[in-house]
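Labels run A, B, C and D following the written order; every chain starts at residue 1.
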Amino acid sequence: MSILLDGESRIVVQGITGREGAFHARQMIAYGTKVVAGVTPGKGGQEFEGLPVFNTVGMAVSEKRADVSCIFVPPPFAADAIMEAASAGIKLIVCITEGIPVLDMVRVMAFLKGLDTVLIGPNCPGIISPGKAKVGIMPGNIHREGGTGVISRSGTLTYEVVDQLTRAGLGQSTCIGIGGDPIVGSSFIDLLTRFKEDPQTKGVILIGEIGGTAEEEAAEYIKADFPKPVIAFIAGQSAPPGRRMGHAGAIISGGQGKAQNKIDALKKAGIAVQLNLGTIGKAALEVMK
Amino acid sequence: MSILLDGESRIVVQGITGREGAFHARQMIAYGTKVVAGVTPGKGGQEFEGLPVFNTVGMAVSEKRADVSCIFVPPPFAADAIMEAASAGIKLIVCITEGIPVLDMVRVMAFLKGLDTVLIGPNCPGIISPGKAKVGIMPGNIHREGGTGVISRSGTLTYEVVDQLTRAGLGQSTCIGIGGDPIVGSSFIDLLTRFKEDPQTKGVILIGEIGGTAEEEAAEYIKADFPKPVIAFIAGQSAPPGRRMGHAGAIISGGQGKAQNKIDALKKAGIAVQLNLGTIGKAALEVMK
Amino acid sequence: MKLHEYQAKDVFRKYGIPVPNGQLISSSDQTSRASQAIQGPPWVIKAQIHAGGRGKAGGVKLVHNPYEAVTAVESMLGKKIVTRQTGAEGVTVNQVLIEEGLDIERELYLSMVVDRAAMMPSMIFSQAGGMDIEEVAARTPQRIFKERVDPASGWMPYNGRNLVYRLDPLPSPNAVKGLLSVMDGVCRLFSALDCSLVEINPLIITRDGRVVALDAKMTIDDNALFRQKDMLVLDDPREKDPLEQMAEKYNLNYIRLDGNIGAMVNGAGLAMATMDVIKMAGAEPANFLDVGGGANEEMITKGFEIILKDRRVKAILINIFGGILRCDVLARGVVAAAAKTSIRVPLIVRLEGTNVDEGREILRNSDLKFLVAKDLSEAADIVAGQVS
Amino acid sequence: MKLHEYQAKDVFRKYGIPVPNGQLISSSDQTSRASQAIQGPPWVIKAQIHAGGRGKAGGVKLVHNPYEAVTAVESMLGKKIVTRQTGAEGVTVNQVLIEEGLDIERELYLSMVVDRAAMMPSMIFSQAGGMDIEEVAARTPQRIFKERVDPASGWMPYNGRNLVYRLDPLPSPNAVKGLLSVMDGVCRLFSALDCSLVEINPLIITRDGRVVALDAKMTIDDNALFRQKDMLVLDDPREKDPLEQMAEKYNLNYIRLDGNIGAMVNGAGLAMATMDVIKMAGAEPANFLDVGGGANEEMITKGFEIILKDRRVKAILINIFGGILRCDVLARGVVAAAAKTSIRVPLIVRLEGTNVDEGREILRNSDLKFLVAKDLSEAADIVAGQVS
């Protein structure tokens, strides 16, 4: 098993005819992912690598039974694309797009309330269940199937960690980049809850960064209710306050979001916090054993 | 037992210093209802019949542990009052106000989504659990405690029916007027689900009227999942299409909402439909026995 | 509150929804100047009445020269039109709209209403433009497409795409854009103006690819008129029944019907049920009248006067279940009304509930002649007996 | 994007939020005309800089006559102000706002931000106006009141009442009304202009019961600037670091810091982690630079040029985990930049991931002198060794 995504998942790519969408759709297919359709409004009827392109997600669902969507739509239209996918009955939406206005995400999250839809991202590398399927932009080749779950607010930082894990002999059940924006569809806790129930997952790596209080909340949840080993890393210990460090969500403001707060909260909850990124693979091996 | 409301319920009256609010607050108190506070913005600090008047529902909740609200606020401000009560943590909101714009109710219902709050009304007589508490404008004296649940879209029509029930010797567990507007907080089904679990309730009288499809949906639910005896009455068999019959929701339009459709649906579901209002008390006695 | 077509089209223009060029006239000698100002021939002459179904009743005419235009206008202005929605009496046409005739390639249907079950506004779209949409819905429901508007997001572009991209065949990209824009406009005005209905039937695509609202229906939520003052001034009471107008003034819920039994009841549900009981007893109600839960003596008096003004009424049934409205208040109101007007028809009274004894006492001690019914069934039987 | 106080107050006026009368001047000889146009004395002279904390740094002065006004303006215009938010270099004051002095009865605090955990905008209100709100929140959290704005309903009157009626003592009914109106205005402009912060500290009640925004801070969500063109033109880049401005032009995430190790990384998280590793190795990063996941050769070249332009940089670390950004692209970009500028400091390169071999090959075959690190820990150690 894995969480959210497996070899049976049927993926539709929203924005498949764009440069990024096309490139990564090919990469996903090359990884062995079941991409079943693309969507670009106005380009319905075209083909992409032998797959049908539809005008709406609704048609991809009714014609090709798509149940997962991967969104590569430019920021001004991305919130609309997420809602379209959710209203079409898509169960897992992975939004790669970076730069969505935060008030658009406020509306999206209110829209999703009460719906049986999981949103990953936006501004994220996506989700991969190694050996089964990849929905996103991460390099597939650094992953190996195994028992470690990875949840991260970052992209390349996750690749760095995954690469070390794989080299250390720790394969992954599912790796999820939840996104670097202030408001993201799935939190650490949402996904930990799923990893808890997943028999393949033996332990979890949690990669946080400055901004917000998601790591503090995760720490409390883990302490209270998560029985598997966890190792955490927090990026941005040397970041100055008041500056947005690349990710829209990575900012220390109003006294909140400092790396040290997060590290303290995690340690207080009894979670192993790795301070040196260079040796996180080896450290994980210790903790997971 | 009874549903939603009992002798322990602690009521706050929103709009208690208005003419209607004041009159009915006194009636509720006279019935023995535990009215604990009133709310009128700007009149906080005043007293009403020895009860404190607060500026906000939040204060009535924190100071007097109010858990039920009865709203007598004029239509332009009623949606705001409902949301205020819900956000203050009130569990049962009874909105008497008639004349709320329907798009305000659209917003209210979206706001209530996901909250643990029951809204009765608007444009309704309220709810009474005879012998325990009365929250609304119905005449208390016609009711008797007993085993019949009553759900109705109407006001005086309900009093007529309840009076006949009481005279026929059928007391009531709880009587609820769900309201005559196109959008109301609680449907027939919402309340049937509660009557199903209530041991005091032996059977239910359902009083519908033209407009919408709430009765048809209730019929399906009852057939599938409601084990207690039900008797139904539908008002408006002689109503012309396209005209709003007093209640904003009582209108036959777009081919929907005809009394005959509802009667047919109820009969098809095996529910006893009483056509003559004059003898509904006796008919109920037959069915409930 | 219903708007006239020409009023709705003025609103449409403000929200960027294309409508045909047109002019409103209220006397036939304005016809030639109006037709000169508008591109044509052909022109379309349209009677401005609130009721639907005017097309089949001669209320819409296509004309090919100025003479035909004048003839068509004269056939409408000041005349009565009877449609399936007007009742047998019909309504008088006071105004006529003259519009350019457009070259139609395709007729579609678009409307927005509040979906009661979903508790959200819902847009309804169909390929079957120009037809009776209720019939289409009943016969070929698969030809009707719907999109609900979540209040958390408002109308989103995808809502429009979900509707437009189901058209088969797909119109030109320009027409697709035009349709999406009209839908957005309809949704914006629906929310901004507290509509309960906006309907465009047909919404056309012209041969040159433009999307135009050929017809326009708008109804404003009466409950929201307090904050829609701009709409309120558009109210045209000329088509309303004079008794209904009078009732409106006194906040009484009164609807005139075709029978001859006048009825006064407190509460809408009980009023409907009372009409039903009258009908079941073999008679026909002359009206629906709900004096409301909180009626005062003056409202009762006015309500009773309105019933008495209706010359068709052959008997009157008063059915009051006293709750908030006390029976003594009711009785005083009836006595006051009777003092002003002579009551020339039998009066049947059924009182129950709060202060019922005081109420009966007041009636008994008055000069009023009336029959007492002990319950609703008896009341209806007595009434029906009076007119049979 | 931050607005200046005077810009934010212009926005406030449009949304009906009262602000003091005032004039903006950019040279001291405009002082006397400005002060004549505004009611006073007293007047308040306020340096227009983006950074907070200017009050304690001499950036706000109360003056009682025109001579004092000129002196105060001259003490600010063209001078540097150093606050806790500017860094040690400070920022130059280019503009000064002259405002009427008001008679303050009470100072409150009001702001709106997006509450990340609740995923809704949240209004924050406190009796403790004029103070550092972070400190108030830390010491006396019970003095901070919050109301969230549900997107399904928008800001509702009750939200305002929930905040205002918690004031103790309660202000006059007029002031209550004024406060509710300001809150409504703040919420409307927050949504309409895609703000990430609106802050009024202090929001005052004057002795005559008026509610006035004495200060005004506004930040616009950078991600929403594409649809906030009116705000975009208000951008004042004069306070920005020139290297940061240059980076912005090329869509590079670059932030200048106080250390001397230049760093170029792909991905924000990895860039932060790289800064952390540098610091743990005992050195200080000179910048944060995320060239992004999708960087092309030109962006790499520009990024490298920006690092080289920073005269404080004593060593450069390139840390790339090739994913979407391939290592060969990175290498070509670095070589291209090196061809234009002489590299006068040690360069340490750590490459991993997609096309790593091609990338290393390109670097090796160039004229570039550089050190290779096999992993991140080693990279940091080498860099720190170069500057210690």
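Note that in this section a residue touches a chain if its C-beta (ideal position, glycine included) is under 8 Å from a C-beta of that chain, and two chains touch if they have at least 3 such contacts.
All of these numbers come straight from a predicted model, not from anything done at the bench.
Where touching is counted per the definition, the chains common to chain A and chain B are C, D.
Once the centre of each chain is set as its mean CA position, chain A and chain C turn out to be 53 Å apart.
Our note on geometry: chain A versus chain D, Cα centroid distance of 28 Å, whole angstroms. Chain C and chain D have centres, each the mean of its CA atoms, that are 57 Å apart.
In chain C, the positions touching at least two other chains are 150-153. Contact of a single residue of chain B with at least two other chains is seen at positions 107, 110, 113. Interchain contacts join each chain to each other chain, per the touch definition above.
The touching residues of chain B, counted against chain D in their complex, run 41-42, 44, 55-59, 77, 79-81, 83-84, 87, 107-108, 110-111, 113. Of all residues in chain B, those touching chain A in their complex are 113-114.
In the complex of the two chains, the chain C residues touching chain B come out as 85, 113-114, 116-117, 119-121, 133-134, 137-138, 150-152, 191, 194, 196, 221-224, 226-227, 253, 255, 257, 265-273, 275-280, 285, 288, 290, 293-294, 321-324, 352-354, 375-378, 380. Those residues of chain C lying in contact with chain A across their complex are 150, 152-154, 156-158, 161-162, 165, 170, 173, 176.
Here chain D touches chain C in the complex through residues 151-153, going by the rule given at the top.
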